[in-house]
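One chain, chain A, appears in both complexes that follow, with chain B as partner in the first and chain C in the second.
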Partner chain A sequence: MDILQLILKSLAYGSIYALVGLGLVLIFRATDVLNFGQGQLFTMGAYFLVTFWYMLKIPYVLAFLMSVIGTALLAFVMERVACRRLLKAPVMNSIIATFMAGIVIYYSIQLVWGAEVFHVSPIISNKPISVGKILFTPQDVWIVAITAFFILLVYLFLQFTKLGIAFRAVSMNKQASSLMGVSVKKVFSLSWVMSGILAAVAGVLLAPVLMIEVGMGWVSIKGFAAGIVGGFSIPGTIIGGFLLAAVENIFGVYVSVAFKEMVAFLMILAVLLIKPSGLLGIEVKKRV
Partner chain B sequence: MSEKITNKIYIIGALIVLFILPFVIEKSYTMYILNLVGIYAIMTVGLNIVLGYTGQISIVNAGFMGIGAYVTALSIVKLGIPIYVALPMAGILTAGIGIIIGFPALRLGSHYLAMATLACNQAIQLIMIHWKSVTMGAAGVSLSSVNIGPIALNSNHRLYFLVIPIAFILIYLYVNIIKSKLGRSLIAVRDSEIAAQSMGVSSAKYKTTAFAISGFYAGIGGGLLALVIGYVSPESFGLNESVFHLAVLVIGGTATLPGPILGSIFFVVTPELFHWMVEYKVLVFSLIALIFIIFMPGGIYGLVKSGLPGWTFKRILNKA
Partner chain C sequence: MKKCIIIGLLVGLVFSIPWMAIAAKVPGVTDKEIIIGNINPLTGGAASSGIGAQNGFELAVEEINAAGGIHGRKIKMIALDSECNPTKGVAAVRKLIGEGTFAVTGEYCSGVAIAINPIFEKEEVPMVFSGCVTSKITYPMLKWVFQAMGVANQRDISWGRARFFVEKMEAKKIAFFYQANELGENDLENTREALKKKYNMDIAAPLPYNMGDADFTAQITKAKDVGADLIHVSGLVREGLLIVRQARELGFKGKIAGATGLSTGGFFEAIGDFGMGMVIESSTPKYEIFDFSNPVVKYVRDQSIKRYGTGPGRPNSKNLNGYYAMKVVGEGLRRAGKDITRDKFRKALETMYNVDIGVGDPVTFSPWDHQAVHSMSVYVIATGGMPLKLEMEHGVAEEDLPVPHFPKKEMYPKGITRSPLADLPKLK
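For the complex of A and B:
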């Protein structure tokens, strides 16, 4: 297969990884907590879509919005339960708490929706169109476009609104920003809600591509990989997501399909061992 | 009476009870449950050393356990190695892999380490699934009737006399590790790496040691599990299992000596008492673990030690 074709093919998956990774990074930057339950928020997004659109036959746009709001609410609750109380506790506790919260969501999904695998028909056709030698589907374009739209939204929000500036202040220095009258707790909630929205968007977009099952949340590992490659900076994570998808596809074609699954893990390990600050990350020097 | 002598009396009493149990209990299933308690105690005790006492988060325990199980099962089935060689071999090999996985810990802090170990766990499981020529893939390996010399380990009663003595020895070792110079160094590394380093305690050495010990314990535990269940397949060593181990530790009490043992008893025995729980086992346990980590980080042992749970709640109310 043509290498250009491969890269183009990985754009759709890359955007999903970027969205999931971005959700992780937003929380991490604001609260210094890594949400190990992010993948389950993503799964919830897809399941909400199944319920609202596929089962209840609500129009797509409305179902999309409802899924996003539902997941954002869940993220809000998750922050209150698993994160807020543990701010002063050792980091280990918050890791375990978000992890356990994710597992609780995972099994609650299994309880409510059963172990059944759902298929959602794509909203935009997935028949390939050829331009010259290169093939792509309108659905891929749709995924990339929506992702770009939401990334732009996040960027504009962080850059130009008052809350966005508060978010950036908190991510730099919590104490100083709380002294300047920024409500740090509000920013914490905000970051989780934003991350929930991004996770839901990723879930809804990926729903027609993947089979919808409880285990799909492990895409969060790909999000971690994107975040680590990008050094947990916002632009870095987006690049990391696309890079990961491209490398995965190239490995899948040239090495073996079984090996494709390992790429994310190998990338995590390689980056962590060689340059833990990531490709675009800033070296953090710890004070004694 | 001094504390040492009372402790000895307790230990001897526990030994006598453990020795008499298989003669009193006739039901094979009860023995199976007791064996499982022993195995989980072994595995989470190892996890406690690395996670509780050294402060290095490890979500790879199920992977370690899987390696131990596979090494034991394959060397018995394929190579015909006797079990008293295979089991220690599983432990030592897993300890070696523990050292390799411990390397990231030298450079990485909490979150990154959690991710790295999580990735390792997934990678180990994928290797088990895809390396078909050795591991037989997703189909798994069956172990039927293993012998120690002339004795066939074909009943849960007989396995009990293998599992519980090993568990007892390993737990005894664990208590001594924590109370020795090694244990104090691990705790020093956990509490302040920089302070420990400046006092001449090499954090690199002790972190890898901790991972090696936890690998050894999980490897032996996995090997025993393979014997008790009689079947090894990749799906038993996924992330869920690692979550279990974390939950057991948190529920029992992290960084406390009896915590993992209490947790294992709670973890294995409660679903047997409440049968509706079997289906929702993971959900219930992760929920309980979540509640424990938020409200009572000391776990069951912390509760027992502080007397009334009300005390903990009151403290939290005061804080909030």
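For the complex of A and C:
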């Protein structure tokens, strides 16, 4: 199988890594907090879909929207409960709080939905289509297309809306933004809600691909790797996500399948050693 | 006078000490009940199978108790969760033994089974495994450990599998997916050994993966690159489902076979048409959970739904595993007699030669072999994920067993003996 096929096949997972990574980066850029509960938000997106679409038989589009809204609300609550009260505390306290909140969500999922594994059928066909020697499935195309749509929405929001501009201002300089009349707390909440939306979209898209179980939050590690590789910049994280998925598969085929999962960690190490600011991150120089 | 009374009391006390020791209770046994521990993965990725197995045990216990128990003693089951985690499994077993259970049963996950196995030998507590395929719990044989899953263990399965792949499926190049842990590597090595010794062949592409992996593009690419005409998938339902689906999505056109871990309703429900033509090894007693023409299978399924409800992929074939194993335990308790001890129970199990317990293949234990059954069957998935039983069954040939199964056949009664537990009144 040639490299082109490998890369094309990686696009779907790359999209998921990019979405999850983007959610992490949005919160980090606004609040300096790394959300260790991001994997659980992703998982909640999938469980909401199971509940609304699979169990309650709500039509798919409505179930999709409800899953996204539900996860966004949960993210908002997480910010209010775990982080808002720790604004004046060291950042590490907030990071630990997100980790703990993630664990609470993990066990809550078990309590509510049980420990068993769910399966939902794909809404789009996953029967392969061949174009020449290249194979792909309509489901892969669907995942990439929806990801692209939401990334575009995020871009348009940040570029052309008042709140989006406020977000960009806060991520550059919180103090100055506050002095200019921007509600920094509102931007914090906004970043969590947006992150929740992106995590939910990723969870809903991946739900028919994987089996839905409480431990599916592993994807946050890949999102984190995408963020580090991309320098925690928005475009860099998106590129990082796709790059990670492609390198994983190429490594798996040409080096070792046994250590394919190690690629994410190798890439993090490589970036930290060679270019700590990441692919498209900005180096910050401080005057001393 | 007073001196005589005191001396008399002291002598009486000294002579009563051995009697007190004799009258000391056997752990987990009273006049009214006998406590059996049960361990299974009730949470985590294997929960569907673990809960199914536990429900099967509970059903058999209810049935036995409703008929008056064994020698007037009702069975009380204490169930703990291993989470399919060896460390937690060890802690759970220690707790069960520490709380005084008479014997322990269960466990679906082979990794846990390997970790807890030595404890039973050390503590001299009988263990009857019901659901894990690893051959490491019975080869080499341990005095206190029995495997009553109703189907062959991993080593036997591997040899039977090699025979099936080469003689029935005519495979020339086999790609072998396995979990990158001790169990998976064991499975790979057993299959490789069988292929080498019987057919002078090797696995064309050994393809390890980790539990929790989601993208198998690299492994499937390797399988295609070596020209594999058969992909075999060992492991649990989640990864098996993804591998089979992704193999077909990536255009793999050859045959696909699955190991016992995939033979649950959860897999069949989810795989749909992607599984068409796939061959899966059975991990249950002879009659599948889907064979409703068999009244016992139908009974186990219906009663499981009535008593314990349904869940994703439940009830499943593991309900039958648990039910089967508990009936084996019950028969062993019956044979051990009223003055039961752990050693008597162990020896009683070893007298079970070709005993029909009402479902599945007859059980044979002996002082040389604690593996109840050495045969297995396969079935093929038809359209829409429905499994169909193949006419042909396979298993390890007797000459390929590592221990003589019946070294002293002349010592045992001829034919099949039916256990009274096979004919207990069915629950309503």
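In this text, the second predicted complex is superposed on the first by the 285 of 288 C-alpha atoms of A that agree within 3 Å, B and C clash if a C-alpha of one lies under 4 Å from a C-alpha of the other, contacts with A are read in each partner's own complex, and residues count from 1 in each chain.
In this section, a contact is a pair of C-beta atoms (placed from the backbone, for glycine too) under 8 Å apart; a residue touches a chain by one contact, two chains touch by 3 or more.
No experiment lies behind these values; they were computed from the predicted model shown.
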item	value
Chain B versus chain C as contact partner of A:Leu269, first or second or both or neither	first
Partner chain(s) touched by A:Met194 [first = chain B, second = chain C, both, neither]	neither
Touching partner for A:Val25 - first (chain B), second (chain C), both, neither	neither
Contacts of A:Phe224 with chain B and chain C, given as first, second, both or neither	first
Which of chain B and chain C A:Ala207 touches, first, second, both or neither	neither
First, second, both or neither for A:Thr137, with chain B first and chain C second	second
Which superposed partner A:Gly252 touches (first chain B, second chain C, both, neither)	second
First (chain B), second (chain C), both or neither touched by A:Glu261	both
First (chain B), second (chain C), both or neither touched by A:Gly114	second
Chain A positions touched by chain B in one structure and by chain C in the second	110, 218, 258, 261
Residue ranges of chain C in contact with chain A within the complex	42-45, 47-48, 51, 180, 207-210, 212-215, 217-219, 221-222, 224-225, 237-238, 241-242, 245, 248-251, 266, 269-270, 272, 311-314
List of chain A residues in touch with chain C within their complex	1, 6, 9-10, 13, 110, 114-119, 121, 126-128, 130, 135, 137, 209-211, 213, 215, 218-219, 245, 248-249, 251-253, 257-258, 260-261
Chain A - residues contacting chain B, complex	28, 34, 36, 81-82, 85-86, 89-93, 95-97, 99-101, 103-104, 107-108, 110-111, 218, 221, 224, 228, 258, 261-262, 264-266, 268-269, 272-273, 276, 288
Residue ranges of chain B touching chain A (in the complex, touch as defined)	51, 55, 57, 59, 103-104, 107-112, 114-116, 118-120, 122-123, 126, 130, 194, 239-240, 243, 246-247, 250, 280, 282-283, 286-287, 289-290, 293-294, 297
